[in-house]
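There are structures below to look over.
Presented sequentially are two complexes of chain A, the first with chain B as partner and the second with chain C.
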Partner chain A sequence: MKFRGKIAESACMRQFANIIVTLARLSKLCVVRFTKDFIYFIIVEENVTVGKPMVWSVLEQTHFFNEYSMTGVSEDQNEIYLEFETDVMAKSLSSLRVSHGAKSVKMKLTNKKSPCLTFEIQLSELSHSRFCVHDIPVSVIPRKEWTALQEPVVPNYDVSIQLPGLKLIRTVAERMKSLSSHIVLLANHEGALILKVETPEATVSTHFKNLIMENSGGDEENTEEFFSARIDIRKFVQFLTSEQVNPSKVVCNIVDDKMVAMFLINEDIIMHYFLPAVAA
Partner chain B sequence: MYNVGYLSNTTEYQQVVKLCRRSTVNVCTHEHFAYFRILARAIHALCRIGDELYVEPEPARLSFRAVSTSKSAYASFTFSESFFSYYNYEQTKSQEEDITCKVSMKSCMAVFRSPSHLYKQVESCQIRLEPDGVKLIFEFHCHHGIIKTHYLPIIECETLEAVYSKDMVPNQLVVQPKLLTFALMNFQANTMELTLVVTPQKMQLRNYAEDENEMKKTVRTELCLEPGEFDHYSISVDTSITFSLREFRALLMFAEAFNLPIGANFEIGGKPVVFVVNNAPIFESNFVFSTLTPLSNNQLNTSQQSDENAQCTSRVMKGTAFKKCDMAHTPSKRKVSPVHAGKSSIDSSVAVPGPSRSHTGLQEHHYQDIIENVNKLLPRFSIQEDCVKENGSAEDAENSAEEDALPGTPPPPPAKRARYIFKRCFQATFNSQMLPGYDEVIAEDSDDESSKRT
Partner chain C sequence: MSILSQNADVEDDCLFEAYLDSVKNISVLLKAVNFKDNGICFATDKGLKVTVEDSKCVQASAFIQREVFQHYTLNDEQVVFKVNISVLVECLNIFGGSATALKMCYQGYGFPLTLLLEEGGVITDCSIRTLEAEEILDFNFSAANVLNKIILRSECLKEVFAELDTSSDLIEILLSPDPPYFRITTAGTAGDTKIDIPKNSDMIETFQCTTLATSRYKLSHVKPSSKSLAVSQKVSIRTDDRGLLCFQYMIPADNHTCFIEYCCTPVADIDGEYDE
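Here is the complex of A and B:
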């Protein structure tokens, strides 16, 4: 197994580091899957839905890397699956997020006493060049565990609606966090979205109107009907901090009473976040 | 020259003069708030080093010192007369030696706690040691004529003195604090120790952990800096030094607050490193950290433990050293172990007997070398007491003679060390009936024997 890549554009370095930071907020451990053309970050929530990914994100490697070469475990399975600690990597890559913080970063799969993902960062400074090397221990995931990390089957969503602005939603949801541990998301085909929190004393809801619908196709019979799902509010808010990745759009998909899937779409990354519905 | 210019009212002036006559030490920081901030930040830095603050006034300067409980870190801030708007030091006839005192760091932090209030409200600070020597007084002169007076009880009167070499070392650097802060940003927040590997061509900063297994699981970070980045870079001996990052961050915070360059003076791993932050002539601070001794087989370990070496005896006078010497109570002997270049930690030495015979042989040999070298340039943190007795000077000489005669006792071989560490296993089983008076009943059972609970 071999992997070697180099990112030399500052915007790409920053975005890559932002992605890791966002992942660090969602989970302590993350799986990275390298293929010839794509890099996947997968977070599996063990105790909620066994084997089903909670976060599934895809990057096109050409959007980030100037140089990229990999050799997978075998010829027919030309892929590498590694598990790493997100907060450690986020801290190590913090210099990439500072403007003019780094000139380039090389990423390599190495074996230094144990398998490591080594980052060689060339920190930029006007006249001096400084090198910083981080050896981040990773664990190689054996092939038999790959099936649990496959792309989740996308169900037919009842409604797919574009969120107005992550920052706005986050402000609202964070206030609601103090009221209850679960939040209900409702959306209909007319472009209305409701965030609702219910407590014994009060029900608080925030209504958004005239949002853009994603083409979910299908029947236009009952456009006013709301589809809803009740989800864990903390996980919802955690996802909303991913505005750092600067998405061009965020789509909220609801399967009535079953789950909410948030899609964060950017030209260089797509992040899927699955939240199962919790009964009241 | 050093006037009480901050007081405009004549009656207040007279009052201060009276105070000056009564107390033996009375200093006041310069009106400009920047000076007070330096003092406050110095105390903050010292509080991250040790649990007690040693205050040592001298005729022309005032020092604040602290040492960590493991005696592996020592810091000293010395403010010269010119730092203060007035500096009044009177040595009363009864004392032959300098007045020093020790206060609890907790009390100091209570005084200097809230930085926002301190830096905005306080204009200047007056420090006084009263003649009866029971309290150390910090008097804050704040805006709007408010005066906050803090009385800190003095724990004991002792001096803290460290012997270390600053100028005669082969490796000396001067660096801007911003560079080090930037460098440390690349390391994980929970990094405990930092290793500097220096050659004339470059310096490498690395994180470090004692246990090899631990190192396998944590991220290893290495950063290289070129000599050109330093204000001064002079390395004559290639070496690597490893010291605690926690205390280093205290020093870095202080230096960065005032944008003062940090000087580093050191020789080799195993010997202490001295960091200097100063703004001559008004103040100078020295931070001395012990460094780990690198072993040639790449297994880093500590040098000999301080408790195995000769102990320096010193006498303690509780509290009232300022009184005249016809005091009734006798001084109590207290043993204090001097600090040596290595950190003393028992648990890491237990790891030593693990490896094969050849390794232990190597380590023993290495220890011998260390002791011979270390004895020459040790930071000996000796606690010397004030002696108010007439024969004080003679006893002091005896004390220092004992200190100088730190024997080069070789450390016991690993088997003996194991016996020392596991000594309870070799002692007889404790039997409470062996204690004298075990059958003596001091208080009978309140309940009857017959009504015992089942």
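Here is the complex of A and C:
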């Protein structure tokens, strides 16, 4: 197994680091899967049934890397799956988020007593170059465990609605977090989205109107009908910090009473975040 | 004008209804008295008063006079209800900013307090449970019994409070027409600390002291008043013949001044020298 890559554009370095920081907010552990053309970040929920990743994110490697070469576990399975600690990687890449913080970053799969993903960051300095090397320990995931990490089957959503702007939704959701541990998301086919918390002390609902619908299969007749799911508010707020990867679109998909699937896209990355519904 | 004020379906059976262009001022005032979760709201034709009490020794009331509201309707002499002020403050700040418009409505005993908040076309509606409003203490602090009164700039008292020895159980306040005029004393693990402010200090605007009077209060009872102090411009300190301490804070609210009153009962002297 071999992997080496180099990112030399500052915007690409910053975006890559932002992605890792976002993942670090969502979970302590993450799987990275390298293929010839794509890089996947996969987070699987601890107690969930087989084959249901919580986060599924895909990057086109050509959008980030100036140099990229890999050799997978075998010829017909030309892929590498590694598990790493997100906050360790996020901290190592912090210089990439600062403007003029780094000139380039090289990534290599190495073996330093145990497998590591080694980052070699060339720091910008006036006359000389300094290098900063980070060895991030990784565990190689054996092939027999790959099936649990496959692309999730996207269910038929009852409603898919575009979020207006993550910043306002995040402000409201963070306030609601101090009132309750769970939040209900409701949406209908008329472009209405409601965030709601309900406790013995108070019921608070925030209404967004005239939002753009995504094409979704389903009953188009009863457009006023709301579909909803009650989810963990902390996880929802953690997802909203993905604002820093600058998405061009964020869609909230709901399967009534079953789950909320957040979908984020911009030209470099797509990310799915699945949140199961929690009974009241 | 917010779309809330154009909202046609006004509840005619609302005993109390009020509208504000911005929640900024009411939020500041409520946060300042929010040292306990629950508070009792009194809506009268003069305005809205919110009172928070602790262990029958401390009472803080925030007054928002009706002139501060853009609309204020009361369909009864006085409307009283008890709510969780912490929850109320979170709701008022749901949009984070200060450009939030508010409409509040209370239909009467047994009904929740309803709020409609709006910012940038997005509306949040809140329904907050009301509780049985029990009797609040009437400290009966009347002007007639005031022995000593001083009005000073808040920044002065802020500095004093910041210096207070928090290892001290008690805080002693001395006011007198003679030196040392105004003295605050604490007795902590490291020793006694005395802070004197002479009456001719340019921080003191009014000095009306008739009698030498010293009283002690639990520091834990006085400390919560710093929230009100922090947002005020001026503060008046009054003590009466029972040693009751009353702070009155003047808080700017656009073109008005709102008040918070904070009263605290003294600790009885061990030697029994307590003035009746």
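Following the convention adopted for this analysis, the second predicted complex is superposed on the first by the 273 of 280 C-alpha atoms of A that agree within 3 Å, B and C clash if a C-alpha of one lies under 4 Å from a C-alpha of the other, contacts with A are read in each partner's own complex, and residues count from 1 in each chain.
We take it that a contact is a pair of C-beta atoms (placed from the backbone, for glycine too) under 8 Å apart; a residue touches a chain by one contact, two chains touch by 3 or more.
Predicted model only: the values in this text are computed from it and were never measured.
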| item | value |
| --- | --- |
| Joint occupancy of chain A by chain B and chain C, clash or fit | fit |
| First (chain B), second (chain C), both or neither touched by A:200 | second |
| More chain A residues in contact [chain B versus chain C] | B |
| Which of chain B and chain C A:179 touches, first, second, both or neither | second |
| Chain B versus chain C as contact partner of A:208, first or second or both or neither | second |
| First, second, both or neither for A:134, with chain B first and chain C second | first |
| Partner chain in contact with A:88 - chain B first, chain C second, else both or neither | first |
| Touching partner for A:222 - first (chain B), second (chain C), both, neither | neither |
| Partner chain in contact with A:156 - chain B first, chain C second, else both or neither | neither |
| Vertex chain A, arms to chain B and chain C (CA centres, degrees, nearest 10) | 60 |
| Overlay on shared chain A, then closest C-alpha pair between chain B and chain C (Å) | 7 |
| Intersection of chain A interface sets (partners chain B, chain C) | none |
| Of chain A, residues touching chain C in the complex | 168, 171-172, 175-176, 178-179, 200-209 |
| Residues on chain A engaged by chain B in the complex (per definition of touch) | 88-89, 91-92, 94-95, 112-114, 121, 123, 125, 127-137 |
| Touching residues on chain B, where the partner in the complex is chain A | 185-186, 188-189, 215-226, 228-229 |
| Residue numbers on chain C that touch chain A, as the complex places them | 84, 87, 90-91, 93-96, 112, 120-129 |
